[in-house]
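Questions regarding the structure given below will be posed in turn.
Labels A, B, C, D, E and F are assigned to the chains in the order they are written; within every chain, residues are numbered from 1.
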Amino acid sequence: MPDSFFHPVSGFELPRFAGVPTFMRLPLVDLDNPRIRDVRIGIIGAPWDGGTTNRPGPRHGPRQLRDLSTMIRAQNGATGVRPFELVNCADLGDVGPNPASVDDSLKRMTAFYDRVVAAGIMPLTAGGDHLCSLPILRSLAKDGSVGMIHFDSHTDLYKSYFGGMQYTHGTPFRRAVEEGLLDPKRVIQIGIRGTAYDNEDREFADSAGVRVVPIEEFHARGPEDVMAEARDIVGERETYVSYDIDFVDPAFAPGTGTPEVGGPNSFQALQVARLLDGVNIIGADLVEVSPPFDPSGATAFLGVSVMFEMLCNMALSVADRH
Amino acid sequence: MPDSFFHPVSGFELPRFAGVPTFMRLPLVDLDNPRIRDVRIGIIGAPWDGGTTNRPGPRHGPRQLRDLSTMIRAQNGATGVRPFELVNCADLGDVGPNPASVDDSLKRMTAFYDRVVAAGIMPLTAGGDHLCSLPILRSLAKDGSVGMIHFDSHTDLYKSYFGGMQYTHGTPFRRAVEEGLLDPKRVIQIGIRGTAYDNEDREFADSAGVRVVPIEEFHARGPEDVMAEARDIVGERETYVSYDIDFVDPAFAPGTGTPEVGGPNSFQALQVARLLDGVNIIGADLVEVSPPFDPSGATAFLGVSVMFEMLCNMALSVADRH
Amino acid sequence: MPDSFFHPVSGFELPRFAGVPTFMRLPLVDLDNPRIRDVRIGIIGAPWDGGTTNRPGPRHGPRQLRDLSTMIRAQNGATGVRPFELVNCADLGDVGPNPASVDDSLKRMTAFYDRVVAAGIMPLTAGGDHLCSLPILRSLAKDGSVGMIHFDSHTDLYKSYFGGMQYTHGTPFRRAVEEGLLDPKRVIQIGIRGTAYDNEDREFADSAGVRVVPIEEFHARGPEDVMAEARDIVGERETYVSYDIDFVDPAFAPGTGTPEVGGPNSFQALQVARLLDGVNIIGADLVEVSPPFDPSGATAFLGVSVMFEMLCNMALSVADRH
Amino acid sequence: MPDSFFHPVSGFELPRFAGVPTFMRLPLVDLDNPRIRDVRIGIIGAPWDGGTTNRPGPRHGPRQLRDLSTMIRAQNGATGVRPFELVNCADLGDVGPNPASVDDSLKRMTAFYDRVVAAGIMPLTAGGDHLCSLPILRSLAKDGSVGMIHFDSHTDLYKSYFGGMQYTHGTPFRRAVEEGLLDPKRVIQIGIRGTAYDNEDREFADSAGVRVVPIEEFHARGPEDVMAEARDIVGERETYVSYDIDFVDPAFAPGTGTPEVGGPNSFQALQVARLLDGVNIIGADLVEVSPPFDPSGATAFLGVSVMFEMLCNMALSVADRH
Amino acid sequence: MPDSFFHPVSGFELPRFAGVPTFMRLPLVDLDNPRIRDVRIGIIGAPWDGGTTNRPGPRHGPRQLRDLSTMIRAQNGATGVRPFELVNCADLGDVGPNPASVDDSLKRMTAFYDRVVAAGIMPLTAGGDHLCSLPILRSLAKDGSVGMIHFDSHTDLYKSYFGGMQYTHGTPFRRAVEEGLLDPKRVIQIGIRGTAYDNEDREFADSAGVRVVPIEEFHARGPEDVMAEARDIVGERETYVSYDIDFVDPAFAPGTGTPEVGGPNSFQALQVARLLDGVNIIGADLVEVSPPFDPSGATAFLGVSVMFEMLCNMALSVADRH
Amino acid sequence: MPDSFFHPVSGFELPRFAGVPTFMRLPLVDLDNPRIRDVRIGIIGAPWDGGTTNRPGPRHGPRQLRDLSTMIRAQNGATGVRPFELVNCADLGDVGPNPASVDDSLKRMTAFYDRVVAAGIMPLTAGGDHLCSLPILRSLAKDGSVGMIHFDSHTDLYKSYFGGMQYTHGTPFRRAVEEGLLDPKRVIQIGIRGTAYDNEDREFADSAGVRVVPIEEFHARGPEDVMAEARDIVGERETYVSYDIDFVDPAFAPGTGTPEVGGPNSFQALQVARLLDGVNIIGADLVEVSPPFDPSGATAFLGVSVMFEMLCNMALSVADRH
């Protein structure tokens, strides 16, 4: 049972639109704060889009996601889970990137997550573009490769971009497999669609053993069936969850840089996150929310709603272990 | 057969974007107009959001709904019903609230609807926030409790808000049950979802006998099945219909103050209103359209499309009786 | 196998947001260009909305569609088709309308398409409003009536508008049937919905033998079944495909002048175009994208995604014949 | 002193955002209404943009201008004039155009204004595009040419457009001079700017005696000096005032089809209208507000603020005569 | 010289778009924080618009103002003042209103500001609507009336609204004069404009001795001259500064509920705040920023730029005294 | 006299909203096109924002600037200059950046401009962010330092950013001075304003001899006087003109990443470019237009209007020499 320090501010005390916006109205506990040792799940902003090769903007994601997250109340409407009563959660602030250097940013991020991991905190990250997942995995999978359930319209498995560039938001999981951070046989990618340059990413997936569920299959089988397979693939071992908001159809999530039409609706977007229950999650992220392309905040609100579903499963999982 | 005075202006005479916008291009007949005695269904604007505790704006709803309503033509595309030929319909103008006083506004509204009821007119109201339903019910259910089919993502059954506040858009139906305006056993709430503060509303619903259909059940069963149950629950007796636009998924209806993701799509939004056929409707409302959050008018257009479906069923029901 | 002159610019050479935007980054080959004789499929802009009687704007459609089309890559994600390797495709530029004269514009358009047809080029047109389809059909069906698969929320079969006006975006297919350009028994209209003035269009459809699939039927049967019937109706003979973006639900395609709620989602929007495979397509259009009502470009991006699906089927069909 | 029937609804009785929006909350008195004989100034909507050759939309102007006009209160803040107490004003509704025919629309408009003039009512028109001014002048100047003070960034004096088209929003005043409706020596055009095709319009102005004040001169001399000259040029005889909202800089009035940067600010926009005092105004218009390019309504609010300034001067002028 | 605890986060350490947004990146020090005793200037959010009678939204102001305030750097570009090095500044968080009760909100606010005043902290408030100024003045002027420099397009001096309502955003300074909080002879209101219901407010101003500078006078004399008079009027005694963002022209500040065209530009908006130097400021506010009417944040950015100018003068004034 | 190949498409032949958008409707002549040898002024897009440390987006600038540039007609309204008749102008397409590498992009750009310079073409560049000016200067000033007239709200003279980063949009002119590309004594920066981190840039300017005109001075002296000084400072020798759109007030140019309030209006924005007449211009740029922050295109339209003013002066200057 978490102590009251970690309870989010109630909307019946201070209206939900009021107050300095932290993630889900949780206390802000940075890594130097003494209370950090009591945190079990840390929500972290990664305001960085240095890997973006198309429309930019996810660097502004954490700010807008925090803003909209104050609309999230304490209890899951569908499952009844009250995560903040299960485990101590906190907003750990933003990991500071270097907007003028990809390399330095990658280093800064891994250094930050190393401290998070060392403190025994499970990270839930709000991106940022998808390249952010790489330095996070470098910290989380330091001691051996992990599995991954990956929601996206793109595989992000390309070898390189634009004449050999290794680090973009289209390549993180190719790097992660190469670096031994991900066990490709325990990786499933769901929702893949859109036009393609070529098959280089899919051929890599096939040869490495990554399971790709294209959107046609997703729509034909439905979320329950696909997620049952996903849980099977990752099994009981450690698993990372990476959720690119462009997994969802752009009518529901317009605020992203590389939208692809024909995706799941918002109910399915929540459903797949809810169906992560039982997965041995060691960390998760929600990436590619690009506020300049949705000043209304609708995309960010869907994003934090998905984050809350993931958080509930993470909290259940943490609570089980203790 | 209504007289031609009550026919809406045709788009083949005056383009639909032209002219002073009244609801569905009907004549404006205020309560002091002698023709009021010939009106059977009155569409009324309730430009009031004094009960709104989160993002404001529904006070601007009637203006935008009227604007978009001129795009509605005379015949239902799905059912072929031509309501304006079945029964005299008119725009009764706006009920004037007091923007600086909740109490005075509630009184003004009930006084207005008392006159509407006394004139034998069935009201179809365009809100305004959901607190508007309370003064309407006070007029309509003066002589005994009625049933209600309620589309929403929230139950609006909370006891109070923010330290005992009794009258907000989160409490109208708790008040209506307490005041004997609603028979809780003849009330069904459809589409409930989103995070929650606690279970206080749901526990009240359970104990009072209000049937709550959460969105998960709605998606699993489908509109036809759920609406069959709804018709069963309200039976043949008098029934009010209250339709909060946030019932619909925010991708289809972004212009509202407290959106919750994961809702029905626009086809289902129309379908449930169409499936009210046979219900003994005594009045209906469409509330919580907040134009500042959707200047495009898309939400309002969906709103008036739903209003037209409800109107068709109201007209059939009125015509049957005469 | 097309020569490299007709390959689109790759996003790995020049970022997709860069460069002068031609349709799908193809070479711009106007009718006076010597390379025109090597073109098999020509994408043409028709920046004209002289037939629009409600909210205007499709004159700006081609500009925005070209802009967004540079996001389309070379390969169909679902089918693997690479159209630009099957057949020489080019952007033929815009057909120039006279914005101050409906009659002159109709003449200019037919003159342009006569040259396209004479050059043996199959046209894929980006509108413009739906009246654009009429002059195109006048060129394509010069030697005998053709069939048509028509996606729309309106039949566009009205006799006239506003006191006898023959040429508006609500009448093109009535004219086309009257002029013998369309064989009504080989015409199917899919997705029809929304309120109606009267039944005049539907009665004409019934008497002439045009098959109308209302949206209720579409949702009940699903895209595969409806498209199987469509392929049956048009058979193996020459068929035109006309796709009004307002076929799709306005949440997915808000940028259009006469939206009707309750339509298909974006996955179904692509699916129906994909299910045109095997149809003997002689030309196609995507019309009624109105950028002023969607500056974000989301509607245009869906529009070009649909165009790409149609193009893939056109390319397969052309490749088959050679 | 006008009778109370003609008093606008007060914001202290019904909030200004409430109620069916008529111009400045005046009574709606159409030409068939018996009270029409008591009206001295009639505000009229002209929802027509059939003359627009660039970005369309002014057909939607009257609707948005009425909406925003309910924010106008009864008294001029700068001059203290209370026009509605000086003279009976009313909203005469919209003149119905034929959206599919330029010629028919011109006829319908002149027929409407002939009735207005016959009823002794001074018209203040809310456009619509600038071609609307021509049919109005045909009614107002039936018995002899009038003078004109014209605010605009374009002269609208071109001979024809696009191969001989006589009737577009770039040609109305050329026609009006040719038809003897305007006395070119009593015409002044203020604010002219932007790039030009050629000097054809300016050469006509020079040869006919129309005074053109380019924006550079306006900024150098200031509104007072320029307006003194304007009053001089038109003298004491009958004068029409035509105000194109694109006279104002697009930062203040973005909602228009052919903006030109470098214009007056909003204070100057009001000032020039205020400085019409003493001019013998026989009618005025405010045209080219295009709501699709400014859904926020800011342009329309500036537009109605300018209309109110003109109305005050019109009311003073009417009151003086009686 | 303030200690480093109170230095804002530098954009060279953490990019300005990153991090949890506090006002000007200052530390968040709530009233229960032990460091509160070292704060000299406290920036406070007042997320309340319970007094708004027209378009609502300022309750969302503090959130957006904080967001944009992270773009403010440490040094005044015009004057070179570095306020955070002169005096300890902090973000004191939001004063919590009761969104369902005007009376309770007024009490909560005064209670909060009483504590601020007791702690010897000079408040700079980000509203909220203009009624917020009343409870602040009740705390600040507890011991005797103060002077006020008031920038606005409205006097906010009305006696009541809508049938006797005493507390709205149109009445705060009438109340403040009646309650002896303001010395009317030391009050100047600058920028007044727009249409008016009547002269009731101006007559009160005249009789009480409040100096009103209408916008015409402001534009004629210029900011320097007007501000010299303002400094004269308030003299050396204690003075409150109240800055309604609708003082500025809506082209520069569209995000407000009751805009009036014809106002100052953004340079003048800064200039008048800069020309407060030497005034004995005891507190200031910036009110009526309404984010729903400007999601872009441009209004809020102008608002925080004005706040920074006021803060510099407040810091100079505090530093002088110590 | 240029040959007709280089005449822009007239709006009387093809409406200005139609056609594939090249800069000012000029022919697209890439560097490999044989006609390149006849081009004297080349307009070039630089779709790159790799130096942006705050809000991103200028990579999308050239696309939107081209789109809006088709609204520019052939003749300068103020000066009568017809640049396309003075000298052969063409759109040279976009210089291709590498969105994943700052270093590679700088190299690609210089390589491109080296070819432009070698071909004897004077470049007018549409950015892109301000770092783009550096590789351009590396090509243009290869043989010796040049002067510069620089319009901006920032000096862009910082030594480095964020821990030593040398190449960002805040440092290009520091680099250019260090590399001997700019003669600091012949550099003037006009419009500088906004808050600052420190004085490091200004101290460098002072010590190097760069003349900085802060916005206060600009407003006090006016454009004519300041530009007279600018012409004096650069004298008759070769001069580059760099125009950051954030020089203009954000009400007129909201679409930029680092706006600063209090700037010039749009008339002054044009005026300063017009007052470049007589300057020995060797190249010019217009940078920092960021379309995601202004989808309306208003900023881009102002941008291309400024570009046209610069182009007119460049054309006069080229014509003079031949």
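By definition in this document, a contact is a pair of C-beta atoms (placed from the backbone, for glycine too) under 8 Å apart; a residue touches a chain by one contact, two chains touch by 3 or more.
None of the values given here were measured: they were computed from a predicted structure.
Taking the definition of touch as given, a chain qualifies here only if it contacts chain C and chain E alike; those chains are A, B, D, F.
Pairs C-D and B-C differ in how many C-beta pairs touch across them, and the larger number is found at B-C. The distance from the centre of chain B to the centre of chain E, each centre being the mean of the chain's C-alpha atoms, comes to 40 Å. In terms of their C-alpha centroids, the spacing between chain A and chain D amounts to 56 Å. For chain B, residues that reach two or more other chains under the stated contact definition are 15, 17, 53-55, 59-60, 99, 161-163, 251, 265, 293, 296. Pairs of chains meeting the touch criterion are A-B, A-C, A-E, A-F, B-C, B-D, B-E, C-D, C-F, D-E, D-F, E-F.
Interface residues of chain A facing chain B in the complex, by the touch rule stated above, are 10-12, 15-17, 71-78, 80, 251-252, 265-267, 269-270, 296, 298, 301-302, 305, 308. Those residues of chain D whose C-beta lies close enough to touch chain F in the complex are 53-55, 161-163, 192-199, 214-216, 219, 249-251, 254, 258-263, 265, 293.
Of all residues in chain B, only 13-15, 17-22, 28, 45, 47, 59-60, 62-63, 66-67, 91, 93-94, 96-97, 99, 295-296 touch chain D in the complex they form. Within the complex formed with chain B, the residues of chain E that make contact are 49, 51-57, 59-60, 98-102, 104, 161-163, 165, 167-168, 292-293.
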